[in-house]
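Just passing along the structure, written as structure tokens.
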Amino acid sequence: QVGIIMGSDSDLPVMQAAAEVLKSLNIAFELTVVSAHRTPMRMVEYATKARGRGLKVIIAGAGGAAHLPGMVASLTPLPVIGVPIKSSNSIDGWDSVLSILQMPNGIPVATVALNAAKNAGILAASIIGSFEEHIGDQVAAYKKKLEEEVLVKIENLKKQGWENKFD
Amino acid sequence: QVGIIMGSDSDLPVMQAAAEVLKSLNIAFELTVVSAHRTPMRMVEYATKARGRGLKVIIAGAGGAAHLPGMVASLTPLPVIGVPIKSSNSIDGWDSVLSILQMPNGIPVATVALNAAKNAGILAASIIGSFEEHIGDQVAAYKKKLEEEVLVKIENLKKQGWENKFD
Amino acid sequence: QVGIIMGSDSDLPVMQAAAEVLKSLNIAFELTVVSAHRTPMRMVEYATKARGRGLKVIIAGAGGAAHLPGMVASLTPLPVIGVPIKSSNSIDGWDSVLSILQMPNGIPVATVALNAAKNAGILAASIIGSFEEHIGDQVAAYKKKLEEEVLVKIENLKKQGWENKFD
Amino acid sequence: QVGIIMGSDSDLPVMQAAAEVLKSLNIAFELTVVSAHRTPMRMVEYATKARGRGLKVIIAGAGGAAHLPGMVASLTPLPVIGVPIKSSNSIDGWDSVLSILQMPNGIPVATVALNAAKNAGILAASIIGSFEEHIGDQVAAYKKKLEEEVLVKIENLKKQGWENKFD
Amino acid sequence: QVGIIMGSDSDLPVMQAAAEVLKSLNIAFELTVVSAHRTPMRMVEYATKARGRGLKVIIAGAGGAAHLPGMVASLTPLPVIGVPIKSSNSIDGWDSVLSILQMPNGIPVATVALNAAKNAGILAASIIGSFEEHIGDQVAAYKKKLEEEVLVKIENLKKQGWENKFD
Amino acid sequence: QVGIIMGSDSDLPVMQAAAEVLKSLNIAFELTVVSAHRTPMRMVEYATKARGRGLKVIIAGAGGAAHLPGMVASLTPLPVIGVPIKSSNSIDGWDSVLSILQMPNGIPVATVALNAAKNAGILAASIIGSFEEHIGDQVAAYKKKLEEEVLVKIENLKKQGWENKFD
Amino acid sequence: QVGIIMGSDSDLPVMQAAAEVLKSLNIAFELTVVSAHRTPMRMVEYATKARGRGLKVIIAGAGGAAHLPGMVASLTPLPVIGVPIKSSNSIDGWDSVLSILQMPNGIPVATVALNAAKNAGILAASIIGSFEEHIGDQVAAYKKKLEEEVLVKIENLKKQGWENKFD
Amino acid sequence: QVGIIMGSDSDLPVMQAAAEVLKSLNIAFELTVVSAHRTPMRMVEYATKARGRGLKVIIAGAGGAAHLPGMVASLTPLPVIGVPIKSSNSIDGWDSVLSILQMPNGIPVATVALNAAKNAGILAASIIGSFEEHIGDQVAAYKKKLEEEVLVKIENLKKQGWENKFD
């Protein structure tokens, strides 16, 4: 249901967090490399065939002058989630963020935070979850679990001796 | 199906572009003001009831230290699209962009470009279109129409006398 | 008298500097985790009960799209001191600074420098010291001590042989 | 109780918003010009006498290389609220913000948003309100009023015909 | 010899400066609209056919998340000159500059200053002039003329009465 | 004694403030255009002859990729004051500031604030005043006058009815 | 055919990537140090003699207030490719980028990404390749090879077990 | 003749480069700590006595919200050279640069590059050298020596086998 693509296999350490969160939520996905600049025709083919192949959401990660998410969005009616990657050639991530986020009218990219591939996976699940109820329930459960993890940390702080009259 | 909310009615001139594009695609929506800072409890109620009320996507616009999209995202499993608004108190839009985009792991916001409420509407349509085929067809048609508008402009440039041996 | 909260226990290494300076000035405080995005209802409860529980000042630290200080400020009439944290997901701290500092009219957050939890503690002491004279005297003494520490360093430089005809 | 100072009388159009909000809350204040760079000895005298003269909070506004708030903070144990002003010589306000916000350890300035003199006034009221209960009640009422103003705007949007099934 | 393309006809007021300088140097050019996002297949066709059609240099202008220059560069062995345009949706031009300049290894774009279409034209002439001597002479003459224009201005300043003992 | 140069006569409205302040302090100066990029050999000649011609200080203003101040500094042992100008092709002045300020080791430029030609004139006077006592006295008097102008403004604020218990 | 120059031999680790790519494409080049600030007259001589010596393209790298590429461009009709270097004295590369990119009208520099000397070499090859067909073929082959390297990586990802229904 | 001051002894590793260059040029200097925020009255005394004590130039280094150079400049008619230091609490040096550079009209600071204490020393020598001929000759010789060092590096590159037909 979700296609995860990235500009280079050097982006895999960042992007696999998207795969992991989808796997943990039992959402089917595929993952491959599609480079806007080195394999432009592959990009065209991937994007134009995506809807017909049954994909519901595309997650695209890239860094520097990051054209992959926006170009894919121009070639498919599917929602495209862009992950700006702070790659080695990036100026502190600003180029990655701006070249994915600042798309012109007509061609949106759903941009997440710098390197936030995990959030891209959760957002894809949210999107699917709006239409498949059990996925929606899983996303709700996931956010509930985040809360519970915090509650454990709060107890730990108390055990460490930090004054806390609130809890 | 889509809830459009904004931090202040002064954001309406920007945000109504989201409403207009949804209307043109025959997607039902509602539009109101929900302020993270001035009506925090209303925000909590709006976000926690959204899924139960049948909304599929929430579009939230805000400027400056823009907390509305991220806070709503923390309170609902629905996908939340954030529109950074270059409001009068904003430092050239950087605060709006960063305080919406840079969400922590677990709570994504699908951020679009500065002031790009129109793109938020199209993205919402894309999301719905992944699961409702006629909407997906409409989004594809919308992007096709963008292409046709460019072709008209190309002809106009030729008529104005600009040399063009390609077409 | 002072409530110190932070978005995650990973912020503790930065935020405990606030606790330490308050302890050194004999000002009572509590410290816990309140996450705007993972425990939003806990945040609401903490903020709305803070004045009734006798707190005078709240110090809130967060990084990235840092919504905790501003959201707490929207829910309490108490002064809220915001500490922007350069967390691992932050773009060099700019997101943390701007999403805490650039609050809209009506809901101020008293923002200190990036990672400056120590200064948040001193500012809290200054605030209390305006109304409790012995605390005010302690703050004055603290600043005096800073001066004395510099004088020692000046002597050290002279001992190292640096020419200094002023002193 | 509150001293409002600014680097130049050209800052008055921005800074008088602090005076107006204090007046509306019946909090006594004074307002004058103290320039760090053109009247440095006046600044020293103002800051060192402030506590003895009974001031509880100082609000200092300045633009560009804005040294007034930080220098005053170094000379008084009182809390100092800094207002970064986007003056004519400022680089989009970044210089004003950074030269007020980024104070070294030991000497905090409670910084508010760019040009946010109104918020400086509200923050001063919050500080006083932590120790004078009727002022604290007024601040709580002020924030309540902000909420009510939003509710009116929500009704206006409904009257203008915007669909809203939430309210 | 030179193909001038731009993402939208709204870029024409900026981009025609490239055409004008080429015309003044008697270098053949064509000018049309090629949008990376609205006409992606046209872009592919334009870029892949460019060398075969006898073009020597492509000048591509775009704003915001500006993908046109980089995508064209990925599809042709010709040198591509990128003109970052400060379009209405741009964040002060930073997005335009970074998304054109920061290309990954293997796919360079020769980027000129923000809105500097005139310089793109001169750079194209320089490139051609390295291989066609009379064009090279014209570029040298053009730079000589710039010098002469300055000399006139120097005389004007002297006539206005400004002291100048150097000339 | 002071040579004022600028990259273009379009910089004159900014740069003449340097001339005016020098005139008011009775310091001899000359003013002309020297363009690093359009008259590079004139720049070389101006810089290499400056010391021999009896100049004591050079003030050089330029905008965008502003190379004039740094290049002149590389060609003369005289102190060079650089004025970054926010010219029409500048990205909010950042290019002007950084390309003047960030000189490599060995070749300093004394940089003043964006557009601050007046301060360049005062700095030149300060430099001369360190060695010519009456000029030094004039600079001291100039700073004293700044203080007096503030005192007048303080009285004006009092007359306008602003509470002021300090004066 | 290509002259590679740099402001300091400390730039060699970055700049030799340009030499290597030219060598791999069998394009003749020379490489030396020309410092705008430490050897200004050498720079003048190098630039003014370049065309006469038969150079077709100059690649110039520099960091911080990087004046070398722009100054050389002002002294030659040849195309000049500028490589902004993130040297030790640079503010995250912004100074290097802006002082090379933001050249005034009349004097373009073909700027590549931060530290992207390899791309400078490829761009030089593209320029020559527009006029020497076998070089143009080599550049086309180089870009083809980039594509093939990606295809290998795609296979590797499949072998590692990543789901991929597209290929 | 030169007073070198810094906000903290932690700035010494940066600032001693100013001392070393002055020592190598046989220019008398003193060096001590003067903190604007921790020893404000010492700063006032140092600055107001500087001219009377026979200093010709003051070099002041500070980081973060760096007020020392500007405050000293407001209290003395001497030229003040400001060294922005990238201290541990600085946001990549931007705060240090802007709070020193962006001084208001009337009170200039001669700002050098980030951490460029060596250049501050050379600039001080340039200033003195304009009025003491043998110092001026030394500065000229220093710049000549920089050139010679480059010439050695050029030979080294040739010996390493880099093609160089220019020399």
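Residue numbering begins at 1 within each chain, and the chains themselves are lettered A, B, C, D, E, F, G and H in the order written.
The rule is simple: a residue touches a chain if its C-beta (ideal position, glycine included) is under 8 Å from a C-beta of that chain, and two chains touch if they have at least 3 such contacts.
Worth saying up front: this structure is predicted, and the values here are computed from it rather than measured.
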| field | Touching both chain A and chain H (chains) | value | C, G
| said: Strictly by the touch rule at the top, which chains does chain B share as contacts with chain H? | reply: C, D
| How would you label the chain E and chain G contact, same or different, if same means the shared numbers make up over half of all numbers there? | same
| query | How far, in degrees, do you have to turn chain C to put its CA atoms on top of chain F, rounded to the nearest 5? | reply | 180
| task | Would you indicate which option in D-F, D-H or E-G repeats the interface seen between B-C, with over half of the contact pairs matching by residue number? | result | D-H
| note | Per the C-alpha centroid definition, the whole-Å distance linking chain B and chain G comes out as 40
| request: Can you check how far apart chain B and chain D are, centre to centre, with Cα atoms defining each centre and the answer in Å? | output: 34
| message | Nearest whole angstrom, what separates the Cα centre of chain F from the Cα centre of chain G? | response | 36
| task | Measure off the straight-line distance from the CA centroid of chain B to the CA centroid of chain F, and report it in whole Å. | result | 48
| note | Shared-interface residues of chain G (touching two or more other chains) are 8, 37-38, 64-65, 74, 89, 91-92, 94, 97, 101-107, 109, 113-114, 116, 143, 146
| remark: Chains touch in the following pairs A-B, A-C, A-E, A-G, B-C, B-D, B-E, C-D, C-H, D-F, D-H, E-F, E-G, F-G, F-H, G-H
| query | Can you list the chain E residues touching chain B in their complex? | reply | 3, 8-9, 12, 19, 28-33, 35, 37-39, 42, 46, 49, 53, 64-65, 89, 91-92
| task | Could you pull out which chain F residues touch chain D in their complex? | result | 92-94, 97, 113-116, 143, 146-147, 149-151, 153-154, 156-158, 162-167
| message | Which residues of chain D touch chain C once you look at their complex with the stated criterion? | response | 51, 56-57, 74, 77-81, 97, 101-114, 116, 118-120, 122-123, 126-127, 129-131, 136-137, 139-140, 142-143, 146
| request: Would you tell me which residues of chain A are touching chain E in their complex? | output: 7-8, 36-38, 40-41, 44, 63-67, 70-71, 73-75, 87, 89-91, 94-95, 98-107, 109
